[in-house]
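Scroll down for the structure; my scribbles are underneath it.
As written, the chain order gives the labels A, B, C and D, with residue 1 at the start of each chain.
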Amino acid sequence: MEKTVRFSISLELDLSKQFDQWMKKNGYQNRSEAIRDLIRDKLVEEEWKDDQKEVVAVLSLVYDHESRELPEVLTAVQHEHYHLIISSTHIHLDKHNCLEAIIMKGKAGQIKKAANKLLSLRRVKHGRLVMSTTGKDIA
Amino acid sequence: MEKTVRFSISLELDLSKQFDQWMKKNGYQNRSEAIRDLIRDKLVEEEWKDDQKEVVAVLSLVYDHESRELPEVLTAVQHEHYHLIISSTHIHLDKHNCLEAIIMKGKAGQIKKAANKLLSLRRVKHGRLVMSTTGKDIA
Amino acid sequence: MEKTVRFSISLELDLSKQFDQWMKKNGYQNRSEAIRDLIRDKLVEEEWKDDQKEVVAVLSLVYDHESRELPEVLTAVQHEHYHLIISSTHIHLDKHNCLEAIIMKGKAGQIKKAANKLLSLRRVKHGRLVMSTTGKDIA
Amino acid sequence: MEKTVRFSISLELDLSKQFDQWMKKNGYQNRSEAIRDLIRDKLVEEEWKDDQKEVVAVLSLVYDHESRELPEVLTAVQHEHYHLIISSTHIHLDKHNCLEAIIMKGKAGQIKKAANKLLSLRRVKHGRLVMSTTGKDIA
């Protein structure tokens, strides 16, 4: 069985109320799990501060595949960084629009650089980089 | 050829400098493309305010597949909402840790609800919902 | 509990030996499961004979993404048939070679036609269509 | 420009007619491309005869996710062989049925063994292993 550490925290009433509302809105059913997630978030954030740390990321892009040059440039930039990309899932949303979900693993610094190249391309309609973790150092 | 509207904006010197730094750090090479992306971001944000609007999302989860009950619950919750899920890519990061990238399409309100159920599950190490767009109403 | 029908079959000694070898080579540990799979295979084959039957398929393609025109044509043909394609996963195998696994769902006749268009494209190095099933009518 | 070798082949009339029918049925528009694909197929087949050769494969499985024990065993077997699996895409076909497309890369012998373990599991409704190639040694 897992060992558990139990401790108390004190919160101002207002902050506590706001936290409870946030928990409810986000589907949490007890405070411990919500606090655990806040701590894990900080730890993952910390991993990304070290450019040499191995991390995992999901980059999502929405674009029109008929945009002049965009598909070719997207493919070229991805192949340039192919050692960072595990897989890339492409959804044909309709006749024009595509979603691409690119899963990456590698050094934080390199992933941020490659992602910025893709995100700042002309004619990408929406893009986001989720900075996640290999899970190795997060309990 | 696409018609273009050209207009000027004025920025305080300090804000302008900060904006240039942000652009550089994020890989933008000209201000128009950077501004276009800020506007598109707001439009996508707006889409998610309407619970009835059809949107697209990518949910990423990192977890240990040996966590008691977690894999079964994840599968059960996903099947409950299978009409919202287009595909789900699973990466075996190592012997213990998994990344799951779940691509969803449907009404904003339903997606937020389903995502919160998954994100707030006990023992998920890291999770994020990227609220993106079908691209239909974004130029 | 599931109801089970039990019946005997008779095989010539030679055929029985060959079947046992085949089972062993293919990882089967008992004859019932092996026979069940032979029957299911036939049922799935039958589904594909009816062009109007809804089926599921996985099309895999290996190609060099620098092949003249091939990536553009692949994207164009896929978008033409976007209503048949659920998702498409792209793996950058190395600097040059790509694997694309395209998951399709729709009428058997339409899927075969679309798949043939993709498989017969010039410069595709290797391609296969796995004709599978929605599972609805297979026990 | 690519160098091309041109040579003639002779076919009996009957075989030639059958080949033309096969070509037409499979979407080929000229004989050279069809013959090229036959040769490539043989080369890929040859790669798989050498258990030590690095190859690429796509394994597809259709099953009911409510089948007793099956999802747990599938996950366990996959994690046991996680170094062979690049990614695995899961489609919720309906409330009960799932398609899983597992992309593998590694030594031919190891992939065949792992695939057979998955394909011969009880209650898998349909499964196929596509033996493909890294593309490195195929022109």
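The rule is simple: a residue touches a chain if its C-beta (ideal position, glycine included) is under 8 Å from a C-beta of that chain, and two chains touch if they have at least 3 such contacts.
Keep in mind that this is a model prediction, so the values were computed, not measured.
Looking at C-D and B-C, the interface holding more C-beta pairs in contact is that of C-D.
Between the two copies, chain A and chain D, the Cα superposition rotates by 180°, quoted to the nearest 5. With centres taken as mean Cα positions, chain C sits 32 Å from chain B. Work out the mean CA point of chain C and of chain D, and you get 8 Å between them.
Under the contact definition stated at the top, the residues of chain B that touch 2 or more other chains are 86-87, 89, 91, 94, 103. Listed in rising order, the residues of chain C touching chain D in the complex are 25-29, 33-34, 37, 40-41, 44, 56, 58, 60, 62-64, 86-87, 89, 91, 93-94, 96-99, 101, 103, 105, 113, 116-117, 119-120, 122, 124-128, 130, 132-136, 138-139. Taken together, the chain B residues at the contact with chain D in this complex read 65, 71-72, 75, 78-79, 82, 85-92, 94-95. Listing the residues of chain A that touch chain D in their complex gives 86-87, 89, 103.
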